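Same chain, two partners: subunit A is paired with subunit B first, then with subunit C.
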Partner chain A sequence: MAAGAGAVTAGDHPATPVVETLRLLAKQRRRTPADDPALARIGLTVLPVAAVLALAVVPLGDTAPVDLDVGVVWFNAMEVLAWFAVWVAGWGPNAVTSLAGGYRMLPLGLAYELPHMLAIITPAIAAGSLAPATIAAAQHDLWYAVWMPAAFVLYLVSVAAMAFWGPFAAPLGRDLAGGAVAEHAGLGRLLLHAGRWMLLTAGAAMAVPLFLGGGAPPPITGPDPFPGLPALWFAVKLVVVIGLLLAARRVVPMLRTARFVTLAWTVLIPLAVAQALVVTVVVLT
Partner chain B sequence: MIALVGALGVVAVGTGLLVFTVNSMARATFLLLASFVAVAVLLIAFGLGYLGTVIVLMMTIEMMIMAVFMVMLMMNPAGLMPMTMVHNRWGSWAIALVVFGLLAAGAWLVPFPTTGRAAQDPTVALGDALMGPQMLTMMTLGLALLATIVGTVAVAVSRR
Partner chain C sequence: MVLRRLAARRPHVLTIAPAPVSPDDLPLRLAVEVELARRRWPSATSPADTDVLLVLGTPGPRLAQVVRAVWATVPAPRVAVGVTTPGAVRSVLDDAAARLAGRGGDTTSDCAVQRQHGRTADTGVGDRADTGVADAQMADLAFYDRDGLALDAVHVALGPVLPHWPAGLVVHATLAGDLVTDARAEVLDVPATVGPGSRGRSPLGPDRTRLDILTRVLGLLGADHLAARARDLRDHDPEPGELTTFGRRLARHRPLRWATRDIALVGGPVEERTVEQRVLALARALGGSLAPPVRPTPEKATQAMIGLELGAARLALAAMDPDTTLGAGPVAAYAPPQGEVTHHHHH
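Coming up: the complex of A and B.
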């Protein structure tokens, strides 16, 4: 299963993702009786495309590939397409485990999306802009991860959840024999797993301009030891964020979706609202 | 620009019509979403980046919440068996035509400003309009929606 998920876990060879990709590319697709292959393929295709479109507005260094003045909202809109993608990918094969896995994406989304929206809008409030590059530039003397730690932690949690990954892997759960991906073989399976990793990477990349000062060196180090290399600082910070997410997966077991929904609506959303309120009051006064 | 608007309009109306011809809930949901996304792209092409992007965001979430209601309320929640998307055929035709007539008449009769310049930043202008003169409306709406969500969940949850 772990190898099927394209994940390098303890005991796996580091070359596993490459081997697994080649194996899936060579494998034949699978059909189930009375399925809806067109819809499933739309979902499987939308997932990696949405991840790339989300990543397009993230400043990789000091400028984004597409410098959008409403980049934060665009990122959110693209990442939300994953709900739809996983749901129809699970629906398409007309099979029980697959459908149940696809449906698990909906309560997961209902749980993570509101804390996520509040967590990404809080830095935007502090910087007074929806453009990620402007938000990054507004942190030249204090990182927002320090200024608004609750929003940062909530953002990391919601990134793992939006990529239905680690503790939030219920839609692809082992208890459902793979859930939404159970009936997909070959290219379809590869697209879903790759899209999920791409989504996780896009989310981790967005944490850098929103909370970690983008391509600038940490404010405490004084003069920049590598001047003119914002992409390097961006890469270092991205590796740290991804490392944090990978470490969290080792520590936290998979959460039952119902429990996560309860946690989200009773703890995470009030916390996110309180964090946004504090930041707004400080900005306004 | 006219060609783009025309093409997107055809996509929006076409997918909107197809919603009622397919026999699967999931296909209907996808087609409705495609229709809304075409409208959103239209708004982005007009330079209203925020409004267009928010429509993609909101409509995707809305379609997925519709799927949650499908699970909760429909006789055939999984939708794995074919089903029809229409009922009360003549009544719905009448309602649809009347509403379409009203909206189309509104679009033609409202005196849209033809002179004057566009706002410097349409996002800021929108925020000013919503949170300035319409603040009371928006606040009341927001609270009412939140109360409805919490109330619906409280009624639906069977946990003691």
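Coming up: the complex of A and C.
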């Protein structure tokens, strides 16, 4: 529930997410002239559902709730649903700001998805597996965040973009009066904001098995001070990753999608390809 | 009821202000912004996000029409209040919070509100045209966007109820996708004046005018920490050193420069040629006892939006900060053509 804090800004009271959630739950829903409520509802529902389905294959400690051999592929497929969800949620109300906001999700996706796929496939190449738990186990003496830092950074950037958050919040931009969410009130608004936070959390959670050794203690600490508590190590690492993502918002203002597409295709994608190439060559030799 | 009181602790406030023609309008807007910041009540991004509708000053007939249209689309629970003097801001907001929490307000009005709300789906296009959330009404004219694609044109009135938007301004725009292909300015209830007007003279003084512009640009960019700092410096008497420090911090902020890059200000509305240069110039001049920044007429500023993507156009408008006291328009709202459809063909 605390995930529903759409309008939380820095320096707010810790109870703010709860207050915001209650506020949205108490709020009446609303419609716009000549809208398509079914379409909007599909989009608003798909977003949190996709986030939960993505989170289901992440090993929260040792084992994932659903242990899939191709967990990495499943995770990626679920995130892509977010494109559709935001696009459709913005289309439904039949209003200019909302439609323009929904459409911003498409260039955003074109910019972040390729670096993102390369960033998640790089640890999979190194570990020789598409199962997140196996990838995490392959890092017992060196975290992939250290061995492939560019992939790790690209992953964090693309997770923020996937959750259209912080510098990548253009689909919900204030310049469009809230963009895709501009016309949604009450439960619909709550679903979109909550879905976005859940997506950010799912992305941050996947960083732990892919790059930070999963539920294992850091390789440098020697004997594990908390043996048998992989969930604890997982939680600590998750908090650190979320902290990094939250800090990014303070540093970088919202980027227009044109700016981010330029950045992605001139810097991020070449960097991601180079990183994947280096890892592949090292693994093959 | 406990839950409702808790939910009302952080109401989102939508402020609607007339163009600051009367000398009381500007101090009132500043007093409201100071008080909202002190209470940490966020400003609503759209009518759907609104709990408290706060009308500043005395709206003229056209703006009053907009207020009614916006109010009809605000979902319950909701409260509408008006404030006309800076001294009354606190008590008005206290009263709004109490009514929102269900204390002191009569419950019957809530029922009336809900019945009224049930009808909002029926409000026609004309009613909504000025709210900034007008319907995506497709005209049959084809326009060519930057890739040479023929797109349907959407005629939409942007403003006056948009975040960080000049008070009272409506931009009658034609959009091809998210590209502004035509734009005409209108200041509600303030027709265009002939003569020099008050160009460049804000009663705020040079540095506070700069900070006021920067607050809006930074707010639009979602740089909330910097925007809050700019507003703080604007509203409290800062040391000259503080101003230059903040100005230098902004000028050195690479992500900020990168985010504002590549937006041309065509037609010379201000001295600077791009939004990036304009923001840099505003930041660098802080605390330097220089002449106030040039604020263009609404017409010139609106002309400069043509050819820009909607987000870039919004940033450009906020950075130019047209002086709405100069007036503009009136402009007849777009009416869909009857009868035969004309097509522009690309050669």
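Quick note on the criterion: the second predicted complex is superposed on the first by the 277 of 285 C-alpha atoms of A that agree within 3 Å, B and C clash if a C-alpha of one lies under 4 Å from a C-alpha of the other, contacts with A are read in each partner's own complex, and residues count from 1 in each chain.
The criterion applied here is as follows: a contact is a pair of C-beta atoms (placed from the backbone, for glycine too) under 8 Å apart; a residue touches a chain by one contact, two chains touch by 3 or more.
Quick caveat: nothing in here was measured; it's all calculated off a predicted structure.
Peer 1: Between subunit B (first) and subunit C (second), which does A:Tyr103 come into contact with in this model arrangement: first, second, both, or neither?
Peer 2: Both subunit B and subunit C are touched by A:Tyr103.
Peer 1: Which holds for A:Gly178: it touches subunit B only (first), subunit C only (second), both, or neither?
Peer 2: Touch status of A:Gly178: second partner only.
Peer 1: With the two structures laid over each other on chain A, which partner does A:Arg31 touch: subunit B (first), subunit C (second), both, or neither?
Peer 2: second
Peer 1: Quick one: is A:Arg189 in contact with subunit B, with subunit C, with both, or with neither? Answer first, second, both or neither.
Peer 2: In the superposed model, A:Arg189 contacts subunit C only, not subunit B.
Peer 1: A:Ala169 contacts which: subunit B (first), subunit C (second), both, neither?
Peer 2: Touch partner of A:Ala169: subunit C, not subunit B.
Peer 1: Answer with first, second, both or neither: which of subunit B and subunit C does A:Arg250 touch in the superposed model?
Peer 2: The second partner, subunit C, only.
Peer 1: Report the partner of subunit A that touches more of its residues: subunit B or subunit C.
Peer 2: Answer, by number of touched residues of subunit A: C.
Peer 1: Once the structures are superposed on A, label A:Leu68 by its partner contacts, choosing first (subunit B), second (subunit C), both or neither.
Peer 2: Touch partner of A:Leu68: subunit B, not subunit C.
Peer 1: Which partner does A:Phe84 reach: the first (subunit B), the second (subunit C), both, or neither?
Peer 2: A:Phe84: touches subunit B, not subunit C.
Peer 1: Taking the superposition as given, does A:Arg23 touch the first partner, subunit B, the second, subunit C, both, or neither?
Peer 2: In the superposition, A:Arg23 touches subunit C alone.
Peer 1: Would you mind listing the overlap between the subunit B footprint and the subunit C footprint on subunit A?
Peer 2: On subunit A, the overlap between the subunit B and subunit C contacts is residues 34, 94, 99, 103.
Peer 1: Quick one: which bits of subunit A touch subunit B in the complex? Just the residue numbers, please.
Peer 2: Listed in rising order, the residues of subunit A that touch subunit B are 34, 36, 39, 42, 68-70, 73-74, 76-78, 80-81, 83-84, 87-88, 91-92, 94, 99, 103, 106-107, 109-110, 113, 130, 265.
Peer 1: Please output the residues of subunit C touching subunit A within their complex, sorted ascending.
Peer 2: Touching subunit A from subunit C are residues 3-4, 6-12, 40, 42, 45-46, 48-49, 51, 73, 75-77, 114, 117, 120-125, 128, 132-136, 154, 156, 162-164, 175, 177-178, 218-226, 228, 255-256, 258-259, 261-262, 309-312, 314-315.
Peer 1: Under the definition above, what is the set of subunit B residues touching subunit A in their complex?
Peer 2: It is residues 24, 26-27, 30, 33, 49-50, 53-54, 56-57, 60-61, 63-65, 67-68, 71, 78-80, 121, 123, 153 of subunit B that touch subunit A.
Peer 1: Can you check the complex and tell me which residues of subunit A touch subunit C?
Peer 2: 7, 9-13, 16, 18-20, 22-23, 25-35, 94-100, 103-104, 166-167, 169-170, 173-178, 181-186, 189, 249-259
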